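Handing you this structure, nothing more for now.
When the chains are written out, they are named A, B, C, D and E in that same order, and each has its own residue count from 1.
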């Protein structure tokens, strides 16, 4: 029996309880919808246009940098697990690996793409 | 016990769905979504072959991890290109981006 | 006596006996017992969550020289239950143009992402939860679902503020995940395993003494992950009203709110587990599983209290400062710390225990000192540049 | 550190320097050149240690330094890469390390480090000089190169490629180093990319050498498919060589060894600028004057010869291949020497003389004179480096004069604008004289004499026609060298600019001095044992050492007076005649050797244009355009993506590559461009359609393979 | 049918449905969320295969990062996100045919292969896939070069993508 079965059960229970709470609220709460109630709340001002406003490309840049470093750390986890038994050679490899990526970060930084504005 | 062939056929179907997406979607982002599906199907295969081959030989998982890195690289550059094209040409429809023709 | 040592096994054996008496196959009985155990744990967590509301309100009141809830029940203890009743019977509106499926899914996922974190929490030496050998990454994976729920909520509400809030929140959560992941590698290096249980058991010396800087970075990143002040850009009430959960009301809002509180408490717990020995306290944990759980919860509460302390003390940081702080300071420092730790770990592999601890501690202090000095001189230069520019403008 | 570790580390410092400069120190000139020179110094140090240790090993040929690691997992085995230092490598490493270090130091002075920024210099153009005010009066001084740091980054990468090539123990990493150098050569020739001529020259060099590279890659692939290995030590075993010799290749009666050797040799023809792919080298002089010229003369082109020498055990298996090699070498030696007679540009003379001298080495290899080829390779590297750096120094001095007078119409590279520089630039003159005499083979004293004499002696013993050709070429060499020296340094200044030239800074003269010592001294290491009087005073160390590389130690040739006398006569006669003829020549009009066909390099470029490019354009226009364009109509257009590609490929593989490029040098670019222009109608530009077509083909080919081929 | 097989089938079918919705749904944001569902299904498949590390990494990398990147990209190219026109191009029928052909070919190959009936071997005791991975990634006899090259690849992607995406004034 894989321990993942219990993770699956956790997922199931983790779904059941909030769903239960929301369903209970749905059953108990009054339902009297009207159009005014259902407008979106934007500080009392009439909504203009739709919600898909123009976004800064910066969001993308940050997500991009994140993605790269995320994958990097994924590579580093097996390395970290075996570090104690592999000795200095593995440490140097890992450090080279990190340094190469730090070069990427430095590039991004130098090009001023980590600035929000 | 699940037979190996189930995994292989599952991944074949996933691959074909991704392929269909790549060949038929108009939107560039959607094409990249299809590519992600294809890469995932490859990973399923790699993991399945690892599980059903020699378990102590971890090569299948190593390859899968490399595929993760490749997928990350592919998607970041691919989407960056899409965004760049969108800025210049104001479209992300694949058929409208045909500057490479005569 | 067995019951005190290992209550879970005693209860499981007892239940197994009963189910077997009903003629149930052992496999199904095991699954059912697991389900029941998990259900009880999660239910208890929800109860805890309810009290967290009370605690939070009480604590913030004391910070702000108020009394806090004090009408319903002694010390206002029954107040959260009154809140729940209010949430349950409140009308739940869905904004026009909302994407209904995603709109309803978001609060559920938000709560779920917190609850499943408890799958890997080792509560006591005999109660290890699900002892996955990749526990550390599991925490991050659960966090990924949390990020997703926020984006879902923001997008499906069909509200500009929601969307902006969600995107900001997501950008912050993503960014701070990097230093968090990086410092999580450090306990992994010390332990030689990613399992949370193994990490707890390896802490004959609490890792905070080996890597104090890592503990600090983890706490900062955790606060950002939680989206709590000073990193609460996503729901900045003075700008975005309430950010991604602006359109939610009733129980759905309750889920977000309760999820955030429990998340904070959980991260207090993980801080304790990764750096403060988890349920371990000078061998006391061996006496009884219940004592071990109490120790863990006590430490988690301390962590939670520190998070609250920071939240109600510091002001909100602007988003560009927040991201710059992460990418230009926290992440490089975390990388340097990781490299230094890996290097020192190999260097001191054969050293005596005290030398090892001392060396690690000193290398941490050194990295912290150097990075603070670099940051200070950089900010001084930056300030001179900006003020110099202003002086020139004024002159003209 | 163990010797193997040092060998592994030798190529690394320049590569690191490249990345450091590109990424971090691009803004800081002093730091950039410090890093680059420091890296070259480290590599030099490593090379010298390896060389010194190699001298201490008994029977070094049988027990070279080698070390390899697993690199690519193949089915069941590993492709290994590694390093190997045997006597040949040790000798090559020696001269490469010295010349590379000298180039690096020289570049500091050449690019006017320490001078002010130019008035209106732009990136991509040579510096035009800066106006400075001193004591109230303005005058123009040379200005610093605007892309100073970039230059050091490029030559750092170049050095990395060269060292990689030299120390690698297999053809694949050798080829990688080879290609890195190809790239650097492109970058350096086109360094001043603001000039059209530099851009064209860069493209020409890149494409021409590419022709050779394609064949070389084919040879490597063929070799790998036959033997399953690319490691030198594994190929050069008795059994492998024997097998290669016996299996016929099925092409023109060559054995497998012969065909592989020939393919690899074509790579060398491109890289070492042998006829008919020599056209790029003279144009390559468009790069920053002496330095890139020097790279293209002393170091990179040596790589081509080095490769042939390295593959000599394979090449020597097939007599037919050897005769091709000997013929090409001898022909090139004479051919280029005649062109050099009529050039007026100081660098072009040297460029053609390089081609000619490389021809000497190739010819020596072709007749089996292995050691003579190595010997000449090394001595040539030293004295040609010396000459090129010297010419750069001359040009630099002349540029100074030009800046002084402000008359920018005077070409600082034209020898007829010079004269009398002897007193203005004494160090340059004396070192240039030493280099020139070494090139001419001035008897006894210079290194060039000993190596050239050895080639001639071997040629006399083995192949009389080659001997005669080479003797004439040697005579011409001495002649045009003396012509150059006379026109440049002797007599009176012919222009005002020349009279204002003055000596260059120490960073430029110091390398000249070092190299001139090597250009003389190195020859004494290879004096034949039975040479009259001198023979035996010093042991013929080179012969013993280099010969050990081969499994069968080559015999030293019998001494014979004829080649020795020939050497004496051609060298002294050529020098004397050159001096006498040009003593009083004052302008190019008085030069009796300005024959049109020599001046125009036998019209090779023009012949290429008229004979091949025009018909091909015609063919592309009439046949390809008419058939393709009118034949297939719009409706099924997008189905023809692969068709286009196929036709393009067919034209390239069966027509373009062997037919045009082989003879045409740079014609192919125009043709490809032109036919692409006509054929592009077929492209729809839609990526998904391309993908579909690729997929159809993939499925079809997969099905065919599955059902018919592997079934 | 054993419980393992039932779990597998449920997960597989759910994953395939999600994947199918990815390529057919009109709203790109929905497509991205369906992709997340499909990727989650694949993570579950990894868990069923006892490839714990891959399962978690799948969630961390794909769901935590790549899908969010997709959502951001969709938001940045918003004009076409609301494109009400057909979401499939003119050749979609042919594309479907080719995809089906590929599927048939793959299934044919699987069908004809003898190794397909293999059963999964039991895990040796004390086997830890993560430390085996660690060994494989850093020991010189195995994949240390791909390991380092991966970081170079990632840096190249980072530099390239940032360069392309950055809005130069």
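Some points to look at:
Following the convention adopted for this analysis, a contact is a pair of C-beta atoms (placed from the backbone, for glycine too) under 8 Å apart; a residue touches a chain by one contact, two chains touch by 3 or more.
Small disclaimer: the values here were computed from a predicted structure and weren't measured.
Minimum number of contact steps separating chain A from chain B: 1. Among the pairs A-C and A-E, the greater number of C-beta contacts is found at A-C.
Chain A and chain D have Cα centroids lying 55 Å from one another.
Between chain B and chain E, the centres computed from C-alpha atoms are 6 Å apart.
Chain centres here are Cα averages; for chain B and chain C they lie 33 Å apart.
Chain C and chain E have Cα centroids lying 28 Å from one another. Shown for chain B are the residues in touch with two or more other chains, namely 19, 23-24, 65, 68-69, 72-73, 75-76, 79-80, 83, 94-95.
Residues of chain C in contact with at least two other chains: 27, 132, 134, 137, 167, 170, 174, 177, 192-194.
Among the residues of chain E, those in touch with two or more other chains are 48, 50, 52-53, 57, 60-61, 64-66, 68-69, 72-73, 75-76, 89, 91, 94-95, 98, 102, 129-131, 133, 135-137, 140, 150, 154, 157-158, 161-162, 165, 167. Note for the complex: chain A touches chain C at residues 1, 3-7, 9-19, 21-22, 24-26, 28-33, 35, 37-43, 47, 50-53, 55, 59, 62-63, 65-66, 69-70, 73-74, 76-77, 80-85, 87-88, 91, 94-95, 98-99, 102, 105, 109, 114-117. Touching chain E in their complex are the following residues of chain D: 69-71, 688-689, 692, 695-696, 699, 702-703, 706. Those residues of chain D whose C-beta lies close enough to touch chain B in the complex are 680-688, 691-692, 695.
Against chain C, the residues of chain E that register as touching in their complex are 3, 29, 33, 36, 52-53, 56-57, 59-60, 63-65, 67-68, 71-72, 75, 128-131. Taken in their complex, chain E has these residues touching chain A: 44, 47-48, 50, 52-53, 55, 57, 60-61, 64-66, 68-69, 72-73, 75-76, 78, 81-82, 130-131, 133-140, 144, 147-148, 150-152, 154-155, 157-159, 161-163, 165-167.
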